[in-house]
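Letters are used for the chains, namely A, B, C and D, taken in the order the chains are written, and counting of residues starts over at 1 for each.
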Amino acid sequence: MLILMQFGATDAQVKAVCAVLREKGIEPLELPGEDRVAVGVPASLSADQRIALEAILGRMDGVSKVTQTSSPFKLASLEFRRTKTLVEIKDVKIGPGHFAVMGGPCSVESLDQFRKAAEVVKQSGAKILRGGAFKPRTSPYSFQGLQLEGLKIIKQVAEETGLATISEVMSADMVEAVADHVDILQIGARSMQNFPLLVEAGKSQKPIFLKRGPSATLDEFLLASEYVLNEGNNQVILCERGIIAFDRAYTRNTLDLNAVPVLKELTHLPVVVDPSHGTGVARYVAAMAKAALVAGADGVMVEMHPDPKEALSDGSQALDSEQFSTMMDDLRGLAAYMHLTL
Amino acid sequence: MLILMQFGATDAQVKAVCAVLREKGIEPLELPGEDRVAVGVPASLSADQRIALEAILGRMDGVSKVTQTSSPFKLASLEFRRTKTLVEIKDVKIGPGHFAVMGGPCSVESLDQFRKAAEVVKQSGAKILRGGAFKPRTSPYSFQGLQLEGLKIIKQVAEETGLATISEVMSADMVEAVADHVDILQIGARSMQNFPLLVEAGKSQKPIFLKRGPSATLDEFLLASEYVLNEGNNQVILCERGIIAFDRAYTRNTLDLNAVPVLKELTHLPVVVDPSHGTGVARYVAAMAKAALVAGADGVMVEMHPDPKEALSDGSQALDSEQFSTMMDDLRGLAAYMHLTL
Amino acid sequence: MLILMQFGATDAQVKAVCAVLREKGIEPLELPGEDRVAVGVPASLSADQRIALEAILGRMDGVSKVTQTSSPFKLASLEFRRTKTLVEIKDVKIGPGHFAVMGGPCSVESLDQFRKAAEVVKQSGAKILRGGAFKPRTSPYSFQGLQLEGLKIIKQVAEETGLATISEVMSADMVEAVADHVDILQIGARSMQNFPLLVEAGKSQKPIFLKRGPSATLDEFLLASEYVLNEGNNQVILCERGIIAFDRAYTRNTLDLNAVPVLKELTHLPVVVDPSHGTGVARYVAAMAKAALVAGADGVMVEMHPDPKEALSDGSQALDSEQFSTMMDDLRGLAAYMHLTL
Amino acid sequence: MLILMQFGATDAQVKAVCAVLREKGIEPLELPGEDRVAVGVPASLSADQRIALEAILGRMDGVSKVTQTSSPFKLASLEFRRTKTLVEIKDVKIGPGHFAVMGGPCSVESLDQFRKAAEVVKQSGAKILRGGAFKPRTSPYSFQGLQLEGLKIIKQVAEETGLATISEVMSADMVEAVADHVDILQIGARSMQNFPLLVEAGKSQKPIFLKRGPSATLDEFLLASEYVLNEGNNQVILCERGIIAFDRAYTRNTLDLNAVPVLKELTHLPVVVDPSHGTGVARYVAAMAKAALVAGADGVMVEMHPDPKEALSDGSQALDSEQFSTMMDDLRGLAAYMHLTL
């Protein structure tokens, strides 16, 4: 912990800060700066000690700012665990050396629709099938998903095709039900800080696909993953899916591809990109999927629909069967060029 | 619904759009513009019809954009219900003619701490006591609240003081427990789009205090309230608590006071402002609380702690007892000047 | 300057950082932290030395971040100059104890229009008349202002009414011309980092009204003022006029009133708020002007037009004569209540 | 133009809007919607007519919003000019079928430094040399560039190496001087809306490299280019260089690669990406340069320095000679794979 004093801070104010620290048994280090003084706390503090100290010191006269030298996240940190995590589901691998594609419709709408989607996904060479059974919708008047019936459809189609499956779980009390029907549990962007859900998902010991909230910083994102990891569940996949920004005239979100190299440096967890939500427009999806691969992502999640015109949700961002297959061909070529197994 | 064609759209493309509409039994209105054509859909559509049409039309050649002429929110709309809502709890009123102050610590830490806080709140003239029992924390390593024990403390102190109480509920399965112990259920900013929670909170028929998500648009905010209203629960209070912006050097969030006059025009629901989270810095809170009152807010929620230096969470933004009382005096004067009952 | 090492940084890496500093004649201070080491630079560095060191150290293995303990701004800082600045033009005062209102049309359109506006401004009790002669317009196809003819109209109406005047200057080569015709030079939001213009405006020794860029941090804003102050011109007025944010459905910008108490703490310069651009909607302007006063602003700049329906620019945010007078009455009452001279 | 009425708008209010239009000689089209009425203006209006009408209509009772069916930009629009623009300088081509790399130091610091940089750029196969002579710096206390001396160095090194050159011009009065010394005039991000500069740069008839402002929407960006095109100068290159967003902990800006496919669809002008400013961190530059190529960009501008540790500005984002050469090898491979001439 470092305490930065204000510019005109007096000696007495600096001494008062040091006194508080000594009272807590910490010997402070004074650090005279160019225009102002900093005081260092060369000691290991617990999270609660840090919070308490921050509250005390942050209110003292002459103090400008209290900053932390500790990392906010631990278990997710690459410094903590030096080996990159490889998540394995059935014969699918997500992590170093691989490029995973997850495809499928926004919502499971019927057995027939989902089977057709699965067929396209499988034939194109993708190995993970996505489909929403529980749909978080901005408006209560929109289609909310087939719910349990949707989960059953996913399970049946998985058995028919052998594809690995992923579907979203929206609340802690549904974790078990969803975990019984699919291979990977998705935590949606709007649930990234639903902490009871994160804990319960962690306990399931299923692989967790955690989407970044639209206004979550990378620190907040990694701290959310920490809730899952803290339950002893190391199978966490991070997903960048577009952040909120000021220009929403042409795309739904702003895909933050900078996050890919940054996260790869900060954490050992695999990083997947969702260009469907990241753009919100079907005709920009393939370009951004390819860019994600080249930027170092471990995979992409792409919405496709066998007949997007009939989609009950997000139809305007879903690729149709032909677009999906073309994108897969492009990705396969690029993956080979980059020495990745797709 | 309006379909805006691209600039170079051909007659054939416009005709194709019209044909799709006619196929669905809708007679389109062609609207030649300066540089391009728009096609109007003069018909009442259900939400699902709209979504389906949007998906079909949005993908057609020559189409630039599909926009809606329908309001996304209904029950919350001032056009829907012409009378402003007055929420009443015990002898406290939130709505037209009143200015409500909710004060108390971020977290309930002990019976003693909470009693002391309640005393300050009551003596200063505020009528609603806040205190967190379940704490949504960015890090799993931070204090998570006293949970059920905290709820019991709130209930006991409410009985001792006669103050109305408010506390946060974080998941659908805890709604009943929280509703049994407090007067107003708070849905936190990070839960604004926790839809199962919104539905369950609506069913409780308790007054709901809904905080705006840090990156939620006003439409998304009102649509979240719609989930509660849709359960027949009209006692909803909206709370602006700061949005995310690009400069976080001096304040934790950017308090969006523009939202006050805008929301007052859009909705009949009361609008409260939280300057504690809106600034994140104790010494800016009073100025922004006063600005909120003058801008037309129906109340403020302010964090205070009898001894902020010992706070287990958010200590740097909590007012101490004296600061809280001074702010209350200022607000009382301004409220009288503005002819509001505080 | 503080150098924060990465979590797993080795002793050798820390030593290498210290060696670089010693090479430059600086004796480093090692500061062991909870999870990682920080290295302090207890010495006064010039701006260029700092930049050079930052570049060297920021690239070294094991270094996580280089932060500054020096304030980026000096002359604008309240620590640098302990007395609040009072800007005086004719009999108008902007600064402590006063609340200044600047009113007038977005553009000077004709002598007749500007005279009528001036009359309303004067009768309502405001003392500063604004009007644009050079208009920065997003589109080259929009009205660009009357230019020199507009300046002459401003000067004539100032002489007729005795009002102080303010108008925008858009480029360094026009500073002299504008300075010859008006009392206060406005630097628009889009010119906030037009550095040659800032330097030239500084040299004019006229009071400078500097608007915050829509995405400028407060540090960048104060550094821009530093360009003017650095020319020996201390008559700088800062203006918050709305920042860019993610929701633009109901307002043009997001008025950042948090900036008022923050800036008042950081700088001795007066802080004025522009609720016209800050909201972009005439019917929200008065509420936000009042909120600005209560939050501690030293004044407001408000667009008004004697006949807004005929305005050649920004008509939808201009108050009409009656709205302007009503707002002035409200502000006068509030100013008296707050013991400010309006 | 379309006028959207409020939900509860009365027939009389709709009729009043229609009456205003008829008064101006425009026969309105009424468009009954689901919840509210829209009124269409099927006529060609000039920019000033549109602004005037918008001001009148936007203030009328019952009117919710006035939107435009006309494109804000014309000359830049792909609909206006169906052929993609190919900018040619010496033997360098920027546009369809090509991938251009611009490399060089942030600032020209000395003949020796710039020569060394040019050598690396040339040997690596890049054909355009960048270097700043006039530096827009946030702080007046930072190095402001070698100015005219810098321009002379650029010209001399261009003659020695045969490389095409690009350098920034910061004000209208310096356009001629810069145009005399370099091949491409750069308008920096902070000058994107310096309209007098855009007009003067347009008049120079030199190729213009226009950087997107950090908070400029794509419409504003294209309208800025329109100022140049409007002077009869069609040689405009657009540059995405990172936008402002809420998380600045790990990168300086957020590179908006979505803008690449969107701009390629909206405009015929070439689109270049600057991953140096887009990330602000040398070790993320190559990944984002490659992603830009794959996403469809026509080139990249990358900062390199023969000795970044000694750089006088932006040293932490500059590649060193080896990093630059490695990136060029990677880009060459990818360009070949994508059938682009680098």
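Just so it is clear, a contact is a pair of C-beta atoms (placed from the backbone, for glycine too) under 8 Å apart; a residue touches a chain by one contact, two chains touch by 3 or more.
On a predicted model such as this, the values are computed, not experimentally measured, just so you know.
More contacting C-beta pairs link the chains of C-D than the other of the two pairs C-D and A-C. On a Cα centroid basis, the chain most remote from subunit D in this structure is B.
In this assembly, the C-alpha centroid of subunit A lies 31 Å from the C-alpha centroid of subunit D. Each chain gets a centre from the mean of its Cα atoms; for subunit C and subunit D, those two points are 25 Å apart. Taking each chain's centre as the average of its CA atoms, subunit A and subunit C sit 38 Å apart.
Chain contacts: subunit A has residues 215, 244-246 touching two or more partner chains. Every residue of subunit A that touches subunit D in the complex is listed here, in rising order: 215, 217-219, 243-247, 249-251, 254-258, 260-262, 265-266, 278-279, 283-284, 287-288, 290-296, 333-334, 337.
The touching residues of subunit D, when paired with subunit B in their complex, are 1-2, 4, 6-8, 29, 31-36, 38, 40-45, 68-71, 77, 79-80, 82, 215, 244-246, 248. Interface residues of subunit C facing subunit D in the complex, by the touch rule stated above, are 47-48, 51-52, 54-56, 58-59, 72-74, 136-143, 170-173, 190-191, 193-197, 199, 213-215, 220, 223-224, 226-227, 230, 244, 282, 308-316.
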